[in-house]
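Each of the two complexes below includes subunit A, the first together with subunit B, the second together with subunit C.
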Partner chain A sequence: MSPTHIQSIGLLIDICAAAILVTAFLIVSSRNLGFYIRLFALQSIFLGLVALLVVIGYGEMHILIAAVLTIVVKAVAIPIVLTKMIDRIQVQKEVGFSINITVSLLLCGGMVIVADSVAQSILAVQEGGGSAVSRVLSVSIALMLIGLFIMTTRKKALTQIIGLLTMENGVFLSGLSITYGMPLIVEVGIFFDILIAVLILGVFVFRINKTFESINIDALRSLRH
Partner chain B sequence: MSTILFSLLIGTPITASVLCAVFHRRRILEVISVTSAGVTFLWATWLMSVVIEHKTISSPEGWWYADGLSAYIAVIVCGSALVVALYSVGYLRRQVRSRNVDGRQLWLYYLLLNVFLFTMMLVLISNNLGFLWIGTEATTLATALLVAFYERESSIEAAWKYVIICSVGIALALFGIILTYFSALHVVPAAGNALNWSSLMVVAKELDPAVLKLAFIFILVGFGTKAGLAPMHTWKPDAYSEAPAPISALMAAGLVNVALYSLMRFYILVNAALGDGYASTLFLVFGLVSMGMAVPFILLQRSFKRLLAYSSVEHVGIIVFALGIGSPLAYFGAMLHLLVNAIAKVLLFLTASNVRLAYKSKIMRKVSGAITVIPVSATFLIVGVFALTGWPPFGAFVSEFTIVSAGFASGHAVPSILFIGFVVSIFVGFIYYISKMVLGTPAARVTGGDADTASLLLLGVLLAALLLLGVYIPPPLQQCIQNAAAVLMG
Partner chain C sequence: MNQIVTTIATSLAHLVLVLAIAPLVTGVVRKTKARFQNRRGASVLQPYFDLAKLFTKEVVVSSVASWLFQATPYLVFGSMLVIALLVPTVITPVPLHWVGDIITVIYLFALGRFFIALAGLDTGSAFGGLGSSREMSIASIVEPAMMLAIFTASVTAGSTNLSIVVERLSASPLAMMNPAHLLAFAGLFIVMIAETGRIPVDNPATHLELTMIHEAMILEYSGRYLALIEWASQIKLVVFLALLSNMFFPVGMAATWSPWALTVGVGAFCLKVTVLAVIVAVIESMNAKLRLFRVPELLMVAFILSLLALILYFIIGA
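The block that comes next holds the complex of A and B.
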């Protein structure tokens, strides 16, 4: 492939990475559970696109399956499961915050800066500053931090699941960016684990709803010490 | 031959899981589960004899690998699983009789017990660090529904917390593994092998130190969460107190050691790569923090299952501390402690379950005079507590004494004094609560009797083993422990 092609693919990867970061910020600023799920699906589509671009641009064929799995599992299957879940339990769709949106966005902006400096220090070991894909490392670390932030500051059980999945997306993107993904069989195993985890958490959401009459995790308070 | 042995080790529990999924009759489920645990235990001892002879074995394609360390922990895990499977038979029959458990729950229990054993074996024989991760995450998933087994509000809350906290931890560990992979990508010739522990060890010196240091932090936090190292231990008291007692026992004696095993693998790698005290210092600090953190929660405790959970936090701390000291003597102590703590934890969780079934409560205040109500279990309880808290003549005394001596010998005087202080405070807390439970006058309306004779005999064997290990370590066992310690030396 010619250098100009490589360059334009690098540009496309950068655009997708930026889009992934934007979806993460939109999740943080969203008040509605339905948006959470749709934004997560969108984020996963962009993640799948990054993986596809790596396949096209760098000839790493083993990522093709991981890219397809990202779209099938994270952008389609998991969002369907989660949407069915909130429809079935007819939860109040407003998300409660422990930190308001403006402050949340500012904090997440700070996290992006922290993530970038961590990423630069990791990439410093590579001569020549790395490829177009390794630039994405800072986005991936930011995504992990924002995922963690969503989990700790948003109060619905479902928002914790979305936070966890956002974190997982960040980890996947980091693998993609610095190592062109893990060996295929490992990636497949990881996807399998994530899918099972979401199903199990889904079962718990049903049961929490049944026993606590809400999926607000503030109700989970009986166990202390 | 290695391929056959590895296939048997994970194939047996997989086959048992599939069979459990198909059959629903209680007797068949019991036979499958006990046989599977027993047979896997036999394969683990076979693995042990092979690594004694050949030091390491790996499969031709390089995915599976075992040495003295993995075989030693595999034997402990399978042994615990066998005891737990045997005890589960009587435990579940009793629960079915008192209508706490229905047929579907019984089926799910045995199915997941076998899956749980499979996931632990997967971690222990993986050479590929990616598989190691997949297996570890799978242990969480296999046990999640078991923690929520009784479907009470509190058990669902505990299971939720357990899955969320451990999944976050393990996601961070995955990032650590990716960083390790990254540090090796330029030095390991075939990229597919860059995730194999055995190939990483060969090139350890060439791995990038800065990236590896960062990777180790994520690994420590991630697998430390699974092991229940403070301050990432918060899921542990909830999960242990809500899960059925045999499952808590297997989590405390099996899963904890499997998570520690993953930590040890990376610890060996990082020590070989950096050759300095970076990882050791982190281990010393986290070990002491875990021990110290457990003290107040043990001194002010209401439920005896939570008491045992905090004791598990303490013992993970003891082992990690011993690893941090890093001398051959300390490694020997750590490996011995791994074994005696596993036996003591199984003994006490199962005994605690006898007490709970008799008194229908896990609140310590509501239990008194156990010695007259359930004399056998009460004796096990009080003697077991002495064994657990490292009192002579029991095994834990020998291992803790070895660790402290190693600490002083290597010049870690202040940490070692802290270590003694924590161990003694925890002993005092335990004796205070347990003696109140065992002695005193029993409450008038204690309805349940003691467990069946077979279960009590099983617990008696565990107690005898603890006593034996305090006075005499048989030469074959000594050799196994030394082999495991030798792997830790790198």
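The block that comes next holds the complex of A and C.
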């Protein structure tokens, strides 16, 4: 494949990675649960695109299935499940923040810098670093950190699911960037795992809502008494 | 000697173009909004008629107002004129490009804002002070976001001179698609909405005390003073649209003074500004004004987008 070809694939991967990071930040900046789900679907589409670009640019055919699965499972199936859940429990807004949005955004900005310094030290020991995909490693680590941050600072159970899924997207992306994806059987296992996890968590959230009339996880504290 | 004359003549031509199309752009935004609301709306030329009428009207000045109140319209209009001279519109480099760079432009915006806020306080009306305090608190977040977005573009181009940034970018079309560049564009777009006082940050069409920001500061102005300030804010809109379109997508800009290149340049500029103006109108029609306490969140998104752009530039590189 010609060098200019590789270069333009690299540019497209960079754009998709930037878009993934932006969707993560938009999730942090918003308080509308429906919007979270749409953003997550968008993020997964861009993730699928990165995987497709790896297939095209580096000829790793086994990623093709993972790419298709990403789009089908994460961009279509999981958002549908989550949207149905919102419709059933009639909750639209995230109101419980342990840290307000403005400060959250700044902290997440700081996390990107931390993620980059971590990624640089990983890439320094890896041979053949510096390809377009390995540059994405910083973005993937940042995505994991932001996902964790969403899980720890938001109080609605549904938002925490979104945080978990964002982290999972980060893990998939880091797999892509370091080794061009994990073996297919592992990937398929993870997708199945995630889908089932979301289904179970969905039932869980519904039950929490029924018992406590809220999906605010602070309400779970009353179980102690 | 001859060179001085050409520089002055071309600068004047450049300035006249910006001054002349400024009300038209505002007219296009208003017309598009009217269409969205299923109204026919006033003609796109209406802002010209408004300005002409205001210039002939009598000026009423409060008896407690100081000289500051009367000097401000000229200062605001003057700073916009200088900015209009520095920002490339149809041709690059602009004739006076050596006079100042991006940082000058940012501070000229700040100068205009500073005096308009002072004038808002000067008459002692409650609304003026309210508008000034809101404007300044918003500005404190908008300015860093704007600087970061603009610096990202200048880091990519390796210069803070606007004309050189535009020139280097149009030489390498691939750099326009750089993710850092796209993010900086998104950041600066939100900054533009806040700076020009449009929905969802401020509503230019309201005089309701709960919501107005920019209008509250200029509430005491009338006659030709009001006309100057209105015209200045119309120029501000055009200058921001020119910054957005030419710093990030300098397609079709003229590099020489040949008639053909100029025609293409003017055409491309009008097209880009119209597209952006329509986008602004669409955003205005589809969103409600944010509550004042939510505005910092939106502006923080702009700041973070610009910050991410700068970080991504160093992560991914150009």
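Everything that follows uses one rule, which is that the second predicted complex is superposed on the first by the 215 of 225 C-alpha atoms of A that agree within 3 Å, B and C clash if a C-alpha of one lies under 4 Å from a C-alpha of the other, contacts with A are read in each partner's own complex, and residues count from 1 in each chain.
We take it that contacts are C-beta pairs under 8 Å (C-beta built on N, C-alpha and C of every residue); 3 or more make two chains touch, one makes a residue touch a chain.
Given the structure is predicted, the values throughout are model-derived calculations rather than measurements.
> Fit or clash for subunit B plus subunit C once both are placed on subunit A?
They fit: once the shared chain is superposed, the two partners occupy separate space.
> According to the stated criteria, A:Gln160 is in contact with first (subunit B), second (subunit C), both, or neither; which is it?
After superposing on A, A:Gln160 lies in contact with subunit B but is clear of subunit C.
> Which partner chains sit in contact with A:Ile113 here, subunit B, subunit C, both or neither? Use first/second/both/neither.
It touches subunit C, and subunit B stays clear.
> Decide which partner touches more residues of subunit A, taking subunit B and subunit C as the two options.
B
> Scan A:Val171 for contacts with subunit B and subunit C and give back first, second, both or neither.
In the superposition, A:Val171 touches subunit B alone.
> Once the shared chain is lined up, is A:Phe25 touching subunit B (first), subunit C (second), both, or neither of them?
Touch partner of A:Phe25: subunit C, not subunit B.
> Name the contact category of A:Arg135: first (subunit B only), second (subunit C only), both, or neither.
second
> Would you give the minimum C-alpha distance from subunit B to subunit C, in Å, for the three-chain superposition?
Nearest C-alpha atoms of the two chains are 20 Å apart.
> In the complex of these two chains, what residues of subunit A are touching subunit C?
My answer: residues 11, 14-15, 17-19, 21-22, 25-26, 29, 101-102, 105-106, 108-109, 112-113, 116, 135, 138-139.
> Please output the residues of subunit B touching subunit A within their complex, sorted ascending.
128, 130-131, 133-134, 137-138, 140-141, 144-145, 148, 151-154, 156-161, 163-164, 167-168, 171-172, 174-175, 178-179, 181-183, 185, 191-192, 195, 208, 210-211, 214, 237-238, 241-242, 297, 300-302, 306
> Can you list the residues on subunit A that touch subunit B in the complex?
Of all residues in subunit A, those touching subunit B are 121-122, 124-125, 144, 148, 151, 157, 160, 164, 167-168, 171, 174-175, 178-179, 182-183, 185-186, 189-190, 192-193, 196-197, 200-201, 203-204, 207-208, 211-212, 217, 220, 222-223, 225.
> Spell out the residues on subunit C that touch subunit A in their complex, using ranges where they run on.
On the subunit C side, the touching residues are 174, 177-180, 182-183, 186, 296-297, 300-301, 303-305, 307-308, 311-312, 314-317.
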